[in-house]
Each structure stands twice: as C-alpha cells, then as structure tokens.
Amino acid sequence: MKREDVLMEALPYIQQFHGRTIVIKLGGHAMVDQVVLENAIRDAVLLHYVGIRVVLVHGGGPEITEKMKQMGKESVFVGGLRVTDAETLEIAQMVLVGKINNGIVSLIAKCGARGIGLSGNDGNLIIARKMDPQKVKIGDVEQEVDLGHVGEIEWVDPSILHTLLDNRYIPVIAPIAIDRSGGSLNINADTAAGDIAVAVKAYKLINMTDVDGVMDATRTKVYRKLSIDQANNLLKSGAIGEGMVPKVTSVINGVENGVAFAHIINGNIEHNLLLELFTRDGVGTMITVK
Amino acid sequence: MKREDVLMEALPYIQQFHGRTIVIKLGGHAMVDQVVLENAIRDAVLLHYVGIRVVLVHGGGPEITEKMKQMGKESVFVGGLRVTDAETLEIAQMVLVGKINNGIVSLIAKCGARGIGLSGNDGNLIIARKMDPQKVKIGDVEQEVDLGHVGEIEWVDPSILHTLLDNRYIPVIAPIAIDRSGGSLNINADTAAGDIAVAVKAYKLINMTDVDGVMDATRTKVYRKLSIDQANNLLKSGAIGEGMVPKVTSVINGVENGVAFAHIINGNIEHNLLLELFTRDGVGTMITVK
Amino acid sequence: MKREDVLMEALPYIQQFHGRTIVIKLGGHAMVDQVVLENAIRDAVLLHYVGIRVVLVHGGGPEITEKMKQMGKESVFVGGLRVTDAETLEIAQMVLVGKINNGIVSLIAKCGARGIGLSGNDGNLIIARKMDPQKVKIGDVEQEVDLGHVGEIEWVDPSILHTLLDNRYIPVIAPIAIDRSGGSLNINADTAAGDIAVAVKAYKLINMTDVDGVMDATRTKVYRKLSIDQANNLLKSGAIGEGMVPKVTSVINGVENGVAFAHIINGNIEHNLLLELFTRDGVGTMITVK
Amino acid sequence: MKREDVLMEALPYIQQFHGRTIVIKLGGHAMVDQVVLENAIRDAVLLHYVGIRVVLVHGGGPEITEKMKQMGKESVFVGGLRVTDAETLEIAQMVLVGKINNGIVSLIAKCGARGIGLSGNDGNLIIARKMDPQKVKIGDVEQEVDLGHVGEIEWVDPSILHTLLDNRYIPVIAPIAIDRSGGSLNINADTAAGDIAVAVKAYKLINMTDVDGVMDATRTKVYRKLSIDQANNLLKSGAIGEGMVPKVTSVINGVENGVAFAHIINGNIEHNLLLELFTRDGVGTMITVK
Amino acid sequence: MKREDVLMEALPYIQQFHGRTIVIKLGGHAMVDQVVLENAIRDAVLLHYVGIRVVLVHGGGPEITEKMKQMGKESVFVGGLRVTDAETLEIAQMVLVGKINNGIVSLIAKCGARGIGLSGNDGNLIIARKMDPQKVKIGDVEQEVDLGHVGEIEWVDPSILHTLLDNRYIPVIAPIAIDRSGGSLNINADTAAGDIAVAVKAYKLINMTDVDGVMDATRTKVYRKLSIDQANNLLKSGAIGEGMVPKVTSVINGVENGVAFAHIINGNIEHNLLLELFTRDGVGTMITVK
Amino acid sequence: MKREDVLMEALPYIQQFHGRTIVIKLGGHAMVDQVVLENAIRDAVLLHYVGIRVVLVHGGGPEITEKMKQMGKESVFVGGLRVTDAETLEIAQMVLVGKINNGIVSLIAKCGARGIGLSGNDGNLIIARKMDPQKVKIGDVEQEVDLGHVGEIEWVDPSILHTLLDNRYIPVIAPIAIDRSGGSLNINADTAAGDIAVAVKAYKLINMTDVDGVMDATRTKVYRKLSIDQANNLLKSGAIGEGMVPKVTSVINGVENGVAFAHIINGNIEHNLLLELFTRDGVGTMITVK
C-alpha cells in the first residue's frame, strides 16, 4: 500500500474525530506488561495530539491480587467478583490509585502530554452505592453473599472531565467510586468506562483487551461489525465467553445511551488503536446502533 | 511500508500543522489541466479538514494568452513580462477573476469545503503601484519599456484573510492588485504568494509547479533542502533556470520575512502535496532559514 | 427648507436604520454608465458609514450582450430570458464577476470603504438548480425551450454575508449560482436580490432602476406606497410594464418573507437613495405588508 | 466578646481574602489522627465557601513508616531524610497517593465541596531532580550517602492548579515529584508547599503543625509576628528546634518570593485556622517581609 | 460565646449570601438621627464587601414636614397619607433627593464604598400613576379626597440596578416615581422597597424600623418567624399596629412574588443588621413562604 | 439649500461622531426657561440616538438665589463667587440635585431616552478640596475672604460615566463635589464640565450659553474658529467679557488636555446644537489645538 493511499484514507477520519471525545478502557496484559502499556499510552497521546479528547479508564485486578499475596492476604472471589473487606479496599485503593493510575500519568508525561489521575471521589466523579448481596451458588446451594465494599454506579458527574479536557489534559480514571457518605467502593472498570463514556457524551468507547474482538462460538472468527441487536442476541445465546460478558455489556450500554461507536480491540498488538481508528476496515469489533 | 508506520510518521506532522496557516501557490499545468487542478484542490481541502488554515494563490498566464488570441489580440512580452494595455488588463481580469478564480472556488465546493474568491481590490487586500519602466535589451539596444498596467506590490492587508480563515473559509486569490486611486494592476502570482504568506504570518509557503523542485545546474538532481544562503548562492551562480527564478526569489523572500518553511514541489504528480507535508523525506525542495 | 429641519427629519431615520441590513439591487443605467454607478456607490458607502449593513447585488445583461457581440457571438433571448450555452455562460461569468463585480469593489475602495466581491459559489452563497424548459410562444406555436445554464434559486446560505458584515465589509454579489454538483448557473439578479434580502433578514430591500417607481397604467403617476395586496392586484391587472414585473415580483416576495420595507427608486437621479431613506416622503415607491 | 464584635472584626478579613489563593500545608497529628484531620478539612472547606481559593498540601511520613513495618520492611533515615529505594518509593506512593491523598479528597466531598487529588506527575505539576548524595556524619566519620529516589524541586508548573481553582475545585497535593525522564521522586512536603505557594502566587501560606508557632529558645514564648530578617536570625542562632527548621525555611522562602503572609499554627486545636485568619490577633506565628 | 463559634456560625451564611441581592429599607429614626443612619450604612457597606449586592431604599416623611414648616407651609395628612400639591411635591423632591438621598451616598463614600443616588425617574426605574381619590372619613362623613401628586407603582424597571450592581455600586433609591408623561409622583417608601425587591429578584428584603419586629397584640412578644399565612392572619385580626401595617404588607407582597426571605428589624440598635443576617437566631421577625 | 445637500453634508459628521463622547454644559436661560431647556434636551437625545455618548453638566446659580430669597436668606457674592455657609450649601444641593438635575432627567424620559442624575458624590465622581480664601478688593482694601463650602476640583473618576454610557444611559451631572472626608462642596459648573470632558476622554465639549460665541472687543463679531493660542491671547487682552471668562478658560483647559474640539454656542436659538455639529460652518465658536 502506498503512503499517499494510507494518508488519503486516514485524513478524513482524523478530521471527523477532531474535537470529539473518545473513552479508552485499558485492561488485560496492559495492566501487568509495561511494554504493552507504554505502547498503548504512546498511541493514545498521538490521538490527543491530533485533536481528540482522550479519556483513559483502567482496571487492575491482577495487580491487587499480587499485592495482597505479597502482604499475606488471600483474595476471595464469589461469582467472579472480589469480596472486598476494609483491608482489601485499602490495598485496592493503594494499588489502583497510588501505583497503576499514577504510573499511567507518568507514562503520559514521558510521551510529552499532560495527564491527570482521578478516582471516583475526585470532583465527585463517580457516585455509587454498595452493591446488594449477590445470590451465588456455592456448591449446590444458592446463597446470598455480601461482597463488602463493592459498588454499583449511580451517577457520573462529568464536570471535572470537561474542565480537564477543555484545558488539554488527559484524564486517567481508576475504578474507585465514592458513596453518599464519603466512603470508597470498588467498582468494575468495564462498567465504569461505559458509564463515563455516556456521561461525557463520548463519540467512541474503545475497550482494549487481550482478544481480537467479539468472536463467534467457535472462537475462530472475529465479528467486524455488530448492531446492538446482534450483540444482545450473542449475549443471550451464551456464545460470548465469560470474561468478555462485562465488556460487551458495557459497550452495548454505551451505544444504547448515546455513544456513537464502541470498539473492542486487542491491545496486545502494537498500534491496533491507530489502525482501528484510522483505517476503513479496522482490526477489531465495532458495535453501533444498527 | 506498513499502514501503522505511515500513520505514526504522519500524525505528529498533522498535530504540528494544526491551526497553522499554509499559503499554496497553484501554477503551471494546474492552470490548464482540469484533472491536475482538481487533484490539487482535493488535497488542499484535506489539509483544510485536518485543521490547517489554507490560502490559495493562483496564476493564469497561458489562459490569458489563449483568450486574447481568441479575441484577436496579440500578447506582447518584454523581458518575460506581459505588456498590459487597458484592453489586455480587462481581458486578464475577466480570465483570472471571472474564470480561473471562480472555477477554483467551484471545485472547492465540489470537494465539500467553502472557498471565497478574492482579488487584490477585495478588502484592499493587495495595494500596488505601477511598475517603473523596465530596461530591456531589444536586439542589441537597451531600451526603457513601459509595461502598462503592471504593478509592484507595496502592501498586503491580511485582515480579510484572517476574517475568512477564522470562519473556516478557504480564500482563493487572483494576482490582480489595486492602486492608491482605485485602478487595477496585473501582478506576478509567485511574488504575490510570497508577500501574502509574509503578511498572513504563514507557517509554510508551498509553490506547486511543473518541476520536481530546485535542481542543480545539470538538471538531474533535486535539492531536498536548502538554506537561504544556499538558495541565494544558486540564484547568483545562474544555476537556476529562468522560469524558476521568480519562484525561488519569492520563497526566499517569504522565509527571510518570517515564513518558517517554504517548499517547491511538482504539482503534476498526484498527492505530492500530502507527501511533502506528512512524510519525513518529502518529495520536493524545502527552503528554511538555515 | 431649513437645514435644521432636514436634520430633525433625517436623524430619527438614521437612528432607526443603525445596525440594520439593507440589500440594494443595482441595475439599469448604472450597469453601463460609470457616472451613475459611481454616484450610487458613493451614497451606498455613506449608508455604510452611518452604521447600516449594506449588501449590493448587481445585474449586467447589456454588458454581456455587448461583450458577446465583440467576440462574434449572438445573444438569443426566449421569453425575455437569455439562452445560455456553455460558451455564453463563460462569457457571462467573465463579464459579471471579472469586470462588473470587480469594478464595483474598486469603486467602493475609491470611496474609502472595503468591499468583497462574491458570486453564488463563494461560500456556497446561492444554490440553484437548472430551470425547467420554459413554455414559450414562438410565432403562434407554444414550444418548450431549454434555456441551458439558467438557474432557479433553491437556497441562499447567508453565513458569508454575516461574516463579512460583522467585520464591516460591503459584500457585492454577482447573479451567478452554483448547482449541487459544483456547476455554475446564470440567475436573474432581481430575484437573487429578493432571496438574499430574505436570507440575510434584511430590514429593507431597495431596487434601483431606470424609472421613478411603480406607475399606474397611464404611466403618469408614481405610487408612493403600496401594500402587498395592492401590488399583487396591480401585477394581476397587467398595469405593470413588462420590464418592471420581475422587480415588483421580487420585492413582494421579499416583503412576504420578512423584509420590513421594499423600495423601487430611480437610480439615475443623484442621491435618490439618500432621499428615499432619510426623508419622510421619499422619492420612489415603498411596498410594505399593508 | 459579643457576637457582633466578632463579626465586625471578621468581615473585613473575609472581604480582603475573597478571591485570593491560600496554600495550606497539613502535617503532624493530622496525618495520623482522623478527627484532627477532619476538623482541619472542615475549616478549609469553609474558607473555600467564603470565596478563598484553597490549595492543600500534605505530608505522610509516619504512615509510610507504619505501612513499611506492616510489609516487613525497615525504614532507614540518614540526617532526618528517608533513604528511598525502589520498593520504598512504591510503598510511599501507594500510601501518599492511594491512601492519604485519596482520603483527604473523600473528606472534602463529605464536607460538601469538590477536591481533586494530585501528585507531582499530574499535569507535570512538580518537576524535580534526584538529590545529590548528602554528607552525613555516621559515627565520627562524615560520609556521602545516596538517598535513592529523593528529589529536589526544580520547577512547579501551576497551570493545573489555576484550571482547578478557576472551576472551584480544591486541589490536594501529595509530596511526590516527577523527574525529566518520567520517574517518580519522594520530596519534602514543607518545601513543596512553599514552592507551590510561590508558583501559584498565593496570598498566604499556612503551615499547620503540632506546635503553637515559632518559639523562642526557652520553648515558652510563641512569636506572634516575625519579619524575614528576624526569622532568619532565629534560624542562624540555632534557637529553632530541628523539626521546625524545614517549616520555617519553607515559609521564609515563600515570603521572599512573593507570598504576602506566611503562618505557622497548631493544627491540633480546633478552628485555629479560622481564628488565625479572621481575628486581629491570630493564634500562631505570622511571618512577613518586614 | 467563643469567637470561633461565632465564625463557624456566620461563615456558612456569608457563603450563602455571596452574590445575592438584598434590598434594605431605611426608615424611622435613621432618617432623623445621623448616628443611627451612619451605623446602618457602615453595616450595609460591610455586607457589600463580603460580596452581597446591596440596594438601599429610604423614606423621609419627618424631614419633609420639618422643611415645609421652615418654609411656612403646613403639612396636611388624610388617612395617614400626605396631601401633595405642586409646591409640596417640589419640597419633597428637594428634601428626598437633594438632601437625604445625597447624604446617604456621601456616607457610603465615607465608609469606603461607592453609592449612586437614584429616584424613580433615573433610568425610568419606577413608573407610577396618580393614585385614585381616597375615601376617607372626615368627621362622620366619608369623603373622596384627591391626594394630589401621590402615585401608585405600576412598574419597576430594574435594568439600571443590575448595571450598577454588576459594576459594584450601591444604589440608593428615593421614593419618587415618574408617570407616563414625565411628571413626578410621591410614593410610599415601604411599598417601593417591596416592589423593587421583587423586580430585582432579591434574595432578601430587610425593613429597618424603630421596633423590634412584628409584635403580638399585647406588644410584649416579638414573633421570630412568620409564614405568609400567619402574617396575613395577623393583619386581618387587627393585631398589628397602624404604623406597621404598610411595612408588613410590603414584605408579604415581596415574599409572595419571589423574594425568599423578608425581615423586619429594629434599626436603632447597632449591628442588628449583621446579627439578623449572620446568626442562627437573628434579632427581628423573619417572614417566609411557609 | 436642497435636502440631499444637507444630508450629504451631515452624514459624514454623523459617522465621524458615532461612538464618541460629547460633554454638553447647559447654562444660562436654559436653567430658568423650561422651553429653552426642553429644546436643548430634545436635541441632546437626538445625538444620543445617532450613537453619540452624551454627558450633560448643568449649572443653576439663579435658581439657588431665587430659592434662598424665598426662604428669607440673602445671597452674598464675593468676586463673582457665592459665599456658601452650611445653610446655603444645603439649599444649593436641594435645588441643584433635587430640582434641576431631577427635572432634566424627567425631560430625557419624556423625549424617550433614559437619563441618570448624578452629583459629585455618586460613585466618587468629583473629588474636590475646599477653595483657599480668595483675595478680593472690598472697597479699596484687598481682603482674604473664606468662601465657605466652595470647592476646587482635585480629581474626576469617570468610572461611573463609562458604566452608564456603555449601557446607553445619559448621565446628567450637578456641580456638587465631595471632599476627602465625605463632605459636600459647591463647584463651578463650567470648570466641572471641562474637567469631566478631560476625564472621560471626550471628543467634544460644548458650552451652551446665552451669547453667540466668543466675540471681539466690539461685541459685534463672533469668532468662528480659534486656536488655543488665539483664545489665550484674547483672554489676556481683556477682550472677553467677565461672564465669558470661566467658560473660555474651561474649554481651553479641555482642549489642552485631550478634548479634540470645544464649542461655545448660543443655547437660546433652537437646534443650534444640531447645526453646530452637523454643518460645515457651524453657528458658534469652535476652539481647537491650532
């Protein structure tokens, strides 16, 4: 492919995205592999430089588990959700906010832009309430389990994001929320990314993960483009792998509430972010209203 | 070359040029070959779309000659300059403003942007005074020849350009000036482009012509990059072909008065404008302070 | 009449018109008689100076016919409309845009203000579509005649006019439109003036012509003031001379769509423009809603 | 004292401070006693509410030591400064940013205002370079000791603070800086508060600590008011206790570089912040140019 | 009571009132006792300084009576209203505008702020019409009495108040209105204060008078807080003293039309204005919607 | 003279004065003859309507004398200046502010514009200090006489004038000043007009009086145009009548300090204000730098 053809293809996209807001969820390997993370940040900063308003949301489960082990504390999961007692919450906050979030902001500085690390209590960004006890099958018996300091998002106040984006900062958000009495709650990062994208009226929501996109039941084919209906049907049919369910649910939620385009792409392959945004065919799965 | 590499190379340039003003001189074949012109306009509109403030300046000598012939009037040149009596001036204005300029504006509309055609009397854009009689060798005798309604630029008032660019219009300028008493004067388009670039504080001045750039005396090698000193030396050494002299003089003048980068490129090759701007090596000659 | 009485009478009008937009159609002798034109422009510039936002629209039929004759091409009219083949269109554009329009802008400069020449393709100002073939009686037989590149206005986008007026330029508009595919079309200047006045939300539309206003069937009395109903009745009754019909139709259209006052005045008498605007009785015909 | 007298005394101060910036350093007990901290935050939020632009800077040494002990790692101090290897730095960041800073932001939310937690890498707020090895007497021998990831502030960029204050957020700053290559460095919180106060052109710098102000050598009398010269003399005379030295040095630095008033007050006594600001006599030590 | 407690109590009120408009009616002793007046102005200027938009409205009946006596003219009252012939009106205007109003503005200057004296004709602030003849019992006979130049307010145009308040001036308003033909009318100051408070969308209306608030029929107890219904009932029951009736009516009218809080306080006791606004219990009667 | 000629002559002046500030001193008969005053106000409002920023300054000596007589108090003049004891000052203020000033504002309302009455204490507009005792010949003996509350202008703060003019109000100023301790002082109205014109950077200062302009010693010829030097020489030569001296001194002062043009015209002749401003020859005396 000739250089001029790549440019001719890319320039209209660059124009189209200029001044729009794109929320990028960083997850998977990027949270444990510094090289993968740095590549993603470098691409995100390029997007920032061509006039896109970039918001980053990150997870960090494996690092929390790791750090807890280091501190001699065992991680307990029920139905895929971490049981979060006060001590776990403190460790989670220290890892998510003091280590991962802070580290991403430093990488942004290294790439020549200016990031601002946030968690849900900064500017009352994410208000949540304690999640109701979950019904989980333990052995053969269904039980109600209280997950502790785990939250369900009630409301996202995007004011601080607008303030920062208007002043050309890249906000970096850790998945911690604040409750009505000022306490902290652990929240799911995929869900947070979707709710933030809706609140900030994002044009695109991009979930960077470890697989190439939404796959069919045989795990051999990646869907290039799905409508909300198709994506919902795939969810109902059980064709979507367990780990992918919250990601697909989150982007569907985004698109149903005003985000124009959602994408799920493999963040482990260098520059996938640029190729998804600036080429006609893209590299992952794009989900739109229809 | 991989797509992502082209993008990685181009994006920083796109960022760097965003919001900057670039003056493009359209000349040569583009003035007579509709396909070449349309390609140039399409690329210029792409630049406009990625946030560059684009100003177009055009010539039109061959079309004037053609139209004069059609109207049974002979063109007279002295020392490369057209002798311009009142009738010739009227024809020149009709061709430059009523045909070529108007046609470029229509092409811009066709490419999806909005152009505004201007000549030097619009908003008192270009003030000139009648050129002094030129000393020319006719046969063996040096004679003073009055060129008629031919002007030398005194002052460019860029206000209307700022007004239009701030409102996202592409100004298209014909090489006609106004004198202090409201009369019209024919001016050299290359010179006009240079003076306009200086007045509008352009970041770049690009002269699109029919050759690949500034060549050495053997006409085999194109200089990729010249400092002002080098370019001036080439001019003095006589190595630069006659047709290229006003172009090189104009871009040197631009760079000496504040334009950061000047380029001479071959406009006949599709997308040369994009390649010159968005690749590291470019395709023509770039002239800078040093 | 005492000076102070003229002033006492004029000052409230000056106040009333301050900051309002007035569209002036220049036609008739002014298009061929340089002195008449210059007088009209001088008055228009005075209006500009007392804070009125002035828009000029001009015609140019006779000059086109003249220039075509000069180029050995015959003008063909069907039902009062010029049959416009490609060559005729090119000549019309060169005359209207390159000569008349450009000349008016130079006169404005001479009077100390700043004009900007526009035709319909500048900033997509006037979008038109090719006129349907017209039914015309040729001899005794009614025939459908294709008029060629003649347009009917579909839409006027006043953005560029607001941009220019806000920055204290006087826009001067030639009666050429652009079609949806970027081609040019010849349009009627009276109609254009009316549609532009509506689009730009003008306070007044003034048609300067060669007669003293709308006259009764005997051609002896000028109506000072007509309501839309009265004007429409005159049109229907056939009392209005053929040449005046498009002018009256255009101003009625203007008033029906929001222009507060329309005037038809004799542009050949010096300062009629000032007297119509700044005296109680005026000098021509004023048409209002009722 | 009558209510109205308190009001009469306080209102002029309230007016005087309106719209001014005040940097408050939180330290001592407030970092370990949640009640003391909460009282300080409540008063700071009141200041915010009467129109003062409040910036908070906090320390956290004791908590870091505590957390390190918990993780089985010993704290090493040389000449009063913590030797900071990579692991120590990581723990310090997690405690300062993920726990203390985050906790203060939550308390602000609880008091009804909106805080934003920052460390030095957010928006490139604090740029530092690695501190040179320190000459320390160990036993009888003076040795050069490399303190590891400990920084000396080079430059404070207050842009993000202005952005946040203009939008009515309370910035809360942890004493972590970023170096030129994107790495993190531990910095002294008192020094940071002084440099931030200078960079943000603060009107006042208030250091809240565990003692009642600057005391004389007998530790019985608190100086109410000191000029820079007096404070410098006290420093030289050795009359100032070791723990107080960096605090006094920092506020002198602030006042010498444009901060109008610096205060050292006892943060352990409820509402001392209000009494220092809104009463004629105050409660601690005020340091001014003279 | 401790200083810090007074501050803790006052600061939230100061914040709450910041940027809000408060209309203060000055009456009673303040109009004849320079010390009482000066105390009131000093407190009002303090309110201005903590960011409250202060509007002052004053009366002046006793001074008019006094000045009339001095000029050998008797004051005639019918049903509590001054019969105002042309000469009385002239004297009233001279006293209210040229003496009292002017004097208050000078006191404001003395306290360090900038006042602007207004009467109803300034900027067409208060438009009134002549009051209908009043039915009054004279002796045993009910008669219609024409009160002369006494007006009933029709309309308050708050534009000039906004202009002045936005530029940090304190408007001082005399109870004189203008009628539709440009004549002056005497109006009741309490009523004027209420109508101005409504027009300027005041947050509070404070009537400073000679008694401690609204009292019960026994004149021993002051009501601290009344709803509109309660106040209306008191009015109907006749429990409210004659002099207090127009004051209570005016504040009820204010609250019914959008003023959030109305207060009646004793202006003769120093600093009552501050205590009413900045303490929880206040010192007079507060009237709210319910 | 033909209407169009009057218009052609007037329109450039109207344009020239648009947005400029003109200070008009009203004096002489206008202060006692309601018809003359009303004519002057009507013309001033017309100026306001064509975009001029109009400031009115008035005198009122005869009315004060009249009112004092009415109140049984004799007026005492020393060297042409009124001896002003406390009682006289009070009467002067009541007449100037409460009657004349207030009356002019009502006339402005009647003419359809909005005036705001001011005296020197409004917005600290005119700061003065008590005039030093004057040396006056009483009989044959030169004595020092203390004139009482008579002031010399120290400083004019034009802020309130800009605020009002920017919001399209006409300020009307009475010749009362405020001293540094908040007391009032009587000042000369001609002097005040000149100082205000300088402070507000007026383009013109117009003194409307009872004579046709500055006359020569024979009192038969009016000077049409004087330079400052010529005017000063006339003053020195004693050719200027006593009553005219303060007026000429005031306008010279204005022109020497930045007012472009000063005029002295006869206010008793209707529309002289318009004729002076909008005709080439004018009707009174114009004084300029040279």
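Here the chain labels run A, B, C, D, E and F in written order, and each chain numbers its own residues starting at 1.
Quick note on the criterion: a contact is a pair of C-beta atoms (placed from the backbone, for glycine too) under 8 Å apart; a residue touches a chain by one contact, two chains touch by 3 or more.
A quick note: this is a predicted structure, and the numbers were derived from the prediction, not measured.
Both chain A and chain D are touched by no common chain. Path length between chain B and chain D in the chain contact graph, taken as the least number of steps between touching chains: 2. Here A-B and B-C were compared by C-beta pairs in contact; the pair with more is B-C. Centre-to-centre, using mean CA coordinates, chain E is 35 Å away from chain F. One finds 60 Å separating the Cα centroids of chain A and chain C. Multi-chain contact residues of chain C (touching two or more other chains) are absent. Taken chain by chain, the contacts form a single closed ring in which each chain touches exactly two others. Each chain touches its neighbours in a single ring, whose members, counted from chain A through chain B onward, are A, B, C, F, E, D. On the side of chain D, the complex with chain E involves touching residues 1, 3-4, 6-8, 10-12, 14-15, 18, 46, 49-51, 270-271, 274-275, 278-279. Chain E meets chain F in the complex at residues 70-71, 90, 93-99, 102, 105-107, 109-110, 114-119, 121-124, 159-160, 163-164, 167, 169, 176, 178, 181-184.
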